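Working notes, structure below.
Order of writing sets the labels: A, B, C and D. Residues in every chain begin at 1.
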Amino acid sequence: MGHKSRFLRVPVEPFELAPNLRADDVLTRMERVSFQGRSLATARRIWEKMLGGDCTIFLGLAGALSAGGMRLIIAHLLAHRYVDCLVSTGANLYHDLHETRGRRHYVGSPRENDAALQADRIDRVYDTYASEQEFIDNDEWIAEFVMTLERRPYSSREFLYRLGEHLWKETGREGILTAAYRARVPIFCPAIADSSIGMGLSQARHRDPGAGHLDTIADVVESANLVIRRPRTASIVFGGGTPKNFINQATVQAEFYDDRVGGHRFALQIITDVPHYGGASGASLEEAQSWGKLAADAEQVTVHADVTIALPLLASALVDSAVETLAGRKPICFDLSGRTMAVEGRPLPPGFEVRE
Amino acid sequence: MGHKSRFLRVPVEPFELAPNLRADDVLTRMERVSFQGRSLATARRIWEKMLGGDCTIFLGLAGALSAGGMRLIIAHLLAHRYVDCLVSTGANLYHDLHETRGRRHYVGSPRENDAALQADRIDRVYDTYASEQEFIDNDEWIAEFVMTLERRPYSSREFLYRLGEHLWKETGREGILTAAYRARVPIFCPAIADSSIGMGLSQARHRDPGAGHLDTIADVVESANLVIRRPRTASIVFGGGTPKNFINQATVQAEFYDDRVGGHRFALQIITDVPHYGGASGASLEEAQSWGKLAADAEQVTVHADVTIALPLLASALVDSAVETLAGRKPICFDLSGRTMAVEGRPLPPGFEVRE
Amino acid sequence: MGHKSRFLRVPVEPFELAPNLRADDVLTRMERVSFQGRSLATARRIWEKMLGGDCTIFLGLAGALSAGGMRLIIAHLLAHRYVDCLVSTGANLYHDLHETRGRRHYVGSPRENDAALQADRIDRVYDTYASEQEFIDNDEWIAEFVMTLERRPYSSREFLYRLGEHLWKETGREGILTAAYRARVPIFCPAIADSSIGMGLSQARHRDPGAGHLDTIADVVESANLVIRRPRTASIVFGGGTPKNFINQATVQAEFYDDRVGGHRFALQIITDVPHYGGASGASLEEAQSWGKLAADAEQVTVHADVTIALPLLASALVDSAVETLAGRKPICFDLSGRTMAVEGRPLPPGFEVRE
Amino acid sequence: MGHKSRFLRVPVEPFELAPNLRADDVLTRMERVSFQGRSLATARRIWEKMLGGDCTIFLGLAGALSAGGMRLIIAHLLAHRYVDCLVSTGANLYHDLHETRGRRHYVGSPRENDAALQADRIDRVYDTYASEQEFIDNDEWIAEFVMTLERRPYSSREFLYRLGEHLWKETGREGILTAAYRARVPIFCPAIADSSIGMGLSQARHRDPGAGHLDTIADVVESANLVIRRPRTASIVFGGGTPKNFINQATVQAEFYDDRVGGHRFALQIITDVPHYGGASGASLEEAQSWGKLAADAEQVTVHADVTIALPLLASALVDSAVETLAGRKPICFDLSGRTMAVEGRPLPPGFEVRE
C-alpha cells in the first residue's frame, strides 16, 4: 500500500473486555476508541494535567446534579481539592442543602401523571421526585438563617460560606456546601436570585426589609481577582449554564485588571447542548478561544454526555489514577471568612474592595 | 373496516404548496401536520389565546438571540404589547445595546480558525462575529452610565429601565431596551452579574466602590408581586436558561404571598434542549405542572426548534392573524420610574418594599 | 476604532416584522440573521443554484415525513422537477401509499397511554396515529400487486415504478409514488426489506415462493450509472438515514466506473442528528468532502431543524423565487419502464446489465 | 411532615466514590441516581433478566461502532452468547472486516481540514480516519469472495455466514463476522445494498452479471420465523437505524404467521436521537408498545448516551455480574450453513422456503 499518510499515525485500539475491570482500567481502555468515549477518557488525562500543572481550577455545575445523585462526588472533589473554586446554579446548592438537612429526593418516573403529582404536592425533575412541603420547610429554614446575618449586602461567595458553616454546625453532614466550607473552597452563585435560595432570601426580606440583600457584582470583582492571583487557571464545566459563562467571563474581566491574563490553560466540559443554535451552554471550547477566555494553545476537551453517566466513571477512575499527583499538589489557599476573601494570605487590594 | 377508534378523529392534512403563500397561510397549513411543525402552528394559536385571555404575559429570552438577528422582532413584540414583561439573560440585553449604539454583529463561519480570530480580537458566537474592541467600548459606556446613578442598590428591573431610558435619549434608536423603556414593559435580568453588563457594573465599582450595586433579590419580590396582581398569567419562553426558571419561579414565590395563585394559565416554549438529562432548560411543561408553576389545566405547547427559524415565521404570522385580538387587548399598566414599580397605578404594598 | 478586521465584512441584519410577509419575504429576511435561521435561508439559495446549475439532483427522505404531512410537498417537488431522483426509506413510500389509497393518518398525542392504543390497535408515530387494521389491509394490497408481477427479481427502482403506475391507475390520486411515476422520476429504496413494503413482499412469497424477489444490488449499479451520466450532481437530504448514505455512496461507486466523477457539486441537508456521535445521519457535509462524496469546493449547507418546520417554509419560498430558473431548467430524462432504465434515451451499457 | 406520599418510596442514593471501584461497582452505585445514569444501570439489570428469561435476544447495531473501537465488545457478546441474533448496518460489518483483515482505523480530529484529507485520500468518520486505498482493496477482496459463491441470490443472513467463514479461514482473527460464524449467531443486514459491502457485491456483478445477487426479502421471512420459534424474545438496540426497525418489524411480521406472538418481552436501547421529530431511531419504547412490537407489560429502558461511553461500562459490568446467569443459559441453536437456516434442529417449514 506504499507509505502511510501523515494522518494515519495512531490506530484506534478496540476495547477488549476482561473480568474485574476497574473504572480506571475501563477509562484507560477507552483512550484509543472514538467519539465521546475517547473524549471522556481524554478528560481524565486533562484533569490530571490540571492537578499537576500549578493551576487554580474552577468547577462549574449546572443541571440537577444534586437532586440526581451527584452531590457526594462533588463534595469529594472539593474536600480533596481536585478543584479550587466552585461556581454553581442555586438549584444544585439548594438540593444539596435539602439532603444535607436529612431530606431526600426520590426515584420517580418521567411518565407519571403530573396532575396527580401536583395533587400530592410532589415536584418532579424528569425521573426524580421531591416533597414540596419539605421544600417550603427549607425555604423557611433559609429565611431564618438569613435573619441571623448582618443587615448589609453579602456577595454570594460570602453568603454561601456562611450558609455552609451554619449547615455544617447544625448537621455535621457531608455535602457540597459543607465540604466547601470545611475545605475553604469558595462558591460563587451568580444567578442566586433565580433559585429557591433566592426565594428564601426574599422571604427573609418579607420579615425585615433590611435582610436578604446580596451583592452579586462583588462576585464579578472577586472572581476576576482570583484569576489574576495565579499565573495559570483551568476550567471544568459540568452542564453549561451560567456557571460556564461566569468561569469564562472571569478571565475576560481579569484582563481589565491585568492584561497578562491569557485565558484558561486547560479546559474540560461535559455537556449535552450542541453549538449550532448559538447558545452559551453548547458553545465549543474553540469558540471560547476566539474570545480569549481560553488560551489559544490550551489543552481542552468537550464530552457530549449526561453528567450522571460520565461523572461516576470519570471520578472513579481519577481517584485511583491521580493519587500521587494529588498528593504532590499545593492548592491555592483562601481565607473566606471576611467580607472580601484573602488569597494566599493576602487580602484583595483596595481597588477591589466592595462597598462598606 | 368497521367503526373508527376514538383515537382516530382528526386526520393529518398534508401541507399543500401554492404560489404566494404568506407566513400566516404557511402556519395555518401547518396546523394539521405532525411533529414540531404542528407544535409551531399550535404555538401561534396559544399566543392568540393569551392575547385574548386577560393575562399578564411573561416572555423569557435566552441564547444569543440579539446577536443572531432577533432583536427587532423582540422590540416589536414589546412595543405592541404582545407581551407584558421581559425576563432576559444579560447577553441578549448587552448585544441589543451594542447594536442600538450603532455597532454591528457580523456574518461569520463556525469553521473559522479561532486562533486567527483571537489574534484579530474577534469574538465568535457560532457563525457570528463581533469586535472585542467595540465590546470593551460598550463596557466603558455602561460603567460611565452607572456612575451617573445614585449610590444605592438597584433592582435589575429598575436599573434596566434607567439604562433603556439613557439609551433612548442618547440614540433614539429602536431595540429591546429602548422599546421596553418606551412601552413601559419591565425587564428582569436575574443573572445580570453573569454578563458583560455585570462586567460594566463591576468596572464602575472599580472607579467608586459605592457605584454599581444591584439588588437581585428585589427582582424576586417584584416579579412575584407582579404575578399576584392579576388573576391570570402566561409564560412564553425562547431558549430556556435562567429566564425560563425565573418566570416559573415567580408563580411559586407568588404563592408565598397569596395561595390563590395557581400557576400560569398558558405556556409556550421554543427550546432545543431535551428533558431526559434533567436540566431546567429542557424540562417539559408537564413537569412544570407537577410544581404548580403551570396550572394543571393550562393550555401549553413545546416547540423543539432553533428560535432563529421558528420565531421569524411565528411572529410574521402572528402580526397578521392577531390584529383584532391585539386591538382589543388592555395590557397591564406599569409605572417603572420608581424604586419599586407600580402596577395599574398602585405601588407595591409595604411588605414588599425593598430596603431604603 | 481604526479599520475593521477582514472578518467583519457583512453585518447581521436584524429581521424586521411587517404585515403580510410572504414565505419568500420571510426567508429573504432570514438570510442575514444567524444560526439555523441563516442556514435555512441559505438552503433556498443553494437549491436555486442546483436548479440553474445543469445538475442531476438527488433527494433523500428519511423520518416519518409522509405520515407527518409532508408528502404532497414532496410530490410537488417531483412533479415539477425540483429534483430528479428520489431515494427514500420504505416507510415514507408506504405511508404515502396508505394516503393515496384514501386512508389517513391522525392527529394524536405523544403522551397517550400506549397500552390503550395497543388495545385499540392504533399505531403511534410520536404525535400521529394510524389504524393497524388499515395497515394490514395495505400489506395485503401490496402482496396482491406483487403477485401480478413477473417471477423474477426487480430492482427497487423498477419495482417502485411499477407500484406507482399501479397506484396511479387504481386511484388517480396525487402522492409521492404517483407523482414519481407520472414525472418519470426514479425512486430507489435501498432498505426496502426494512419496511412494511418489505413485509408485503414477504407475504407474496408466502403465497408463491417465486414471487416477491428484489435485487437491491441492481440499485447500486443503476444509481452509480446515473451519477456518471452527467457531469454535475447535487444532493438534498431530509433527515439522514440510509437515503443520505446511498446518495453519497453513489458518487463513490461511480468512481469505480469513471474516475472523473468528483463528488456532488452542491449539497443541502436538513437534519436533527449531530456529528459528534459518529453516525452517518448526523455527519457534517465537510466530512463527506474527505471521502470525495462531495467536491472539495462544493457549495453546501446543513440545517439543523425538524423537516416539518423547515420544509413548508423553504418549499413555499422556493416555489415563488425559483419560477424563472425552473422554467429554464432542462431536467434529465429517464425511461423507467424497462428492467434497466435508460438515461437521456440511452440504455445502460452492457457491463451494467443486471442478470436475466 | 405527616405521612409520605405514595410517590416517595425509594430515595435517590448519592453516588459515593471509593478507591478501586470496579465497573460492576460503579454501575451498581448508579442504580439509585437519576437521569441517564440510572437508565444505564437499569439496562444492565434488564439484560441480566433477558439472559435468565428463556429469550431469543436480538442485538441491533447502527452508527460507526466498529470503526469506533467497539467491535471486540460485540464479538465477545456474540461468542459468549449474551445475544442470539445480530442485525447490523453494512458499515459496521465492513469496518469489522477491514480490521479483521489486519487494517486499522486511526485516531483523528473532527476539526481537520477535509480538503487536505481528501487530497491524501483519507476518509473521516468524525474523529476517526481510514485509508481510502485500503477500503478500495477491501471492496476488491469482497468482490473476489463473491465470485466464489454460487450464481444465485443469497439472503444477507446466508451471505454473511459465508463471508464470516471465509474471513475466519483466511485470517483466524477475532471480530464480529468471525465470532458470529464460530458461535453460529445469524447476522441480518437488511440495508446491505447501502454500504461498502453492497458496493463490493455490485463490483462482482460488473465481472459477471450472474454474481452478487442478494435476496433481502428472504431476511424478512427468516427473521419473522426466528421470532415464532420461541415463546419469548428480547430486543437490544445500539444506535437506532434500520436494525432497530428490522428487529421490531420481525415481531409484527411474525404475527402474520402466528397471532400468539405478542411483541418483545424485554427491550433496551442506547440511542442519541430523540422522539420528538418522529423518526424511528429516536422513537420511545412506549411508542413501540402501541404497535405491539413490544409487549404491553415488557420491561424496558432507553439510555440516551453515546454507545462508545455507555457500552464499555455496561459490558464490563455485565461480564462480571452475569457469570452465573450466563452459565445457566441455554441459548437457541441455529444451523446457518443451509440456504434457509434451521432452528433447534428443525428447518424452516415449507411455507417459508425461499425460491429455488
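The criterion applied here is as follows: a contact is a pair of C-beta atoms (placed from the backbone, for glycine too) under 8 Å apart; a residue touches a chain by one contact, two chains touch by 3 or more.
This structure is a prediction, so every number in the text was calculated from the model and none was measured.
Peer 1: For chain A and chain B, which third chains touch each of them?
Peer 2: Touches both chain A and chain B: C, D.
Peer 1: Report the chain whose mean Cα position is at the greatest distance from that of chain A.
Peer 2: Checked the centroid distances; the maximum from chain A is C.
Peer 1: Where are there more C-beta contacts: A-D or B-D?
Peer 2: Pair with the higher count of C-beta contacts: A-D.
Peer 1: Roughly how far is chain C from chain D, centre to centre by C-alpha average, rounded to an integer in Å?
Peer 2: 26
Peer 1: Could you please state the distance in Å, as a whole number, between where the Cα atoms of chain B are centred and where those of chain D are centred?
Peer 2: Averaging C-alpha atoms per chain gives centres 45 Å apart.
Peer 1: Centre to centre, by mean C-alpha position, how many angstrom separate chain A and chain D?
Peer 2: The answer is 38 Å.
Peer 1: If a residue has to touch 2 or more other chains to count, which residues of chain C qualify?
Peer 2: As it turns out, chain C has residues touching two or more other chains at 34-36, 64, 67-68, 117, 122, 125-128, 274, 276-278, 286, 304, 306, 308.
Peer 1: Which of the residues in chain A end up touching chain C in this complex?
Peer 2: Answer in residue numbers: 34-36, 274, 276-278, 304.
Peer 1: In their complex, what parts of chain D are in touch with chain A?
Peer 2: That would be residues 1-2, 4-26, 29-30, 32-38, 40, 64, 67-73, 76, 99, 104-108, 111-112, 117, 120-122, 125-129, 131, 133-134, 137, 286, 304-306, 308-310, 312-313, 315-316, 319-320 of chain D.
Peer 1: Give every residue of chain B touching chain A within the complex, in rising order.
Peer 2: Against chain A, the touching part of chain B is residues 62-64, 67-68, 91, 110, 114-115, 117-119, 122-128, 132, 139, 153, 190-196, 198-199, 201-203, 205-206, 209-210, 212-217, 219-221, 224, 239, 241-242, 245-246, 249, 252-253, 256, 272-281, 283, 286-287, 289-292, 296, 306-308, 351-356.
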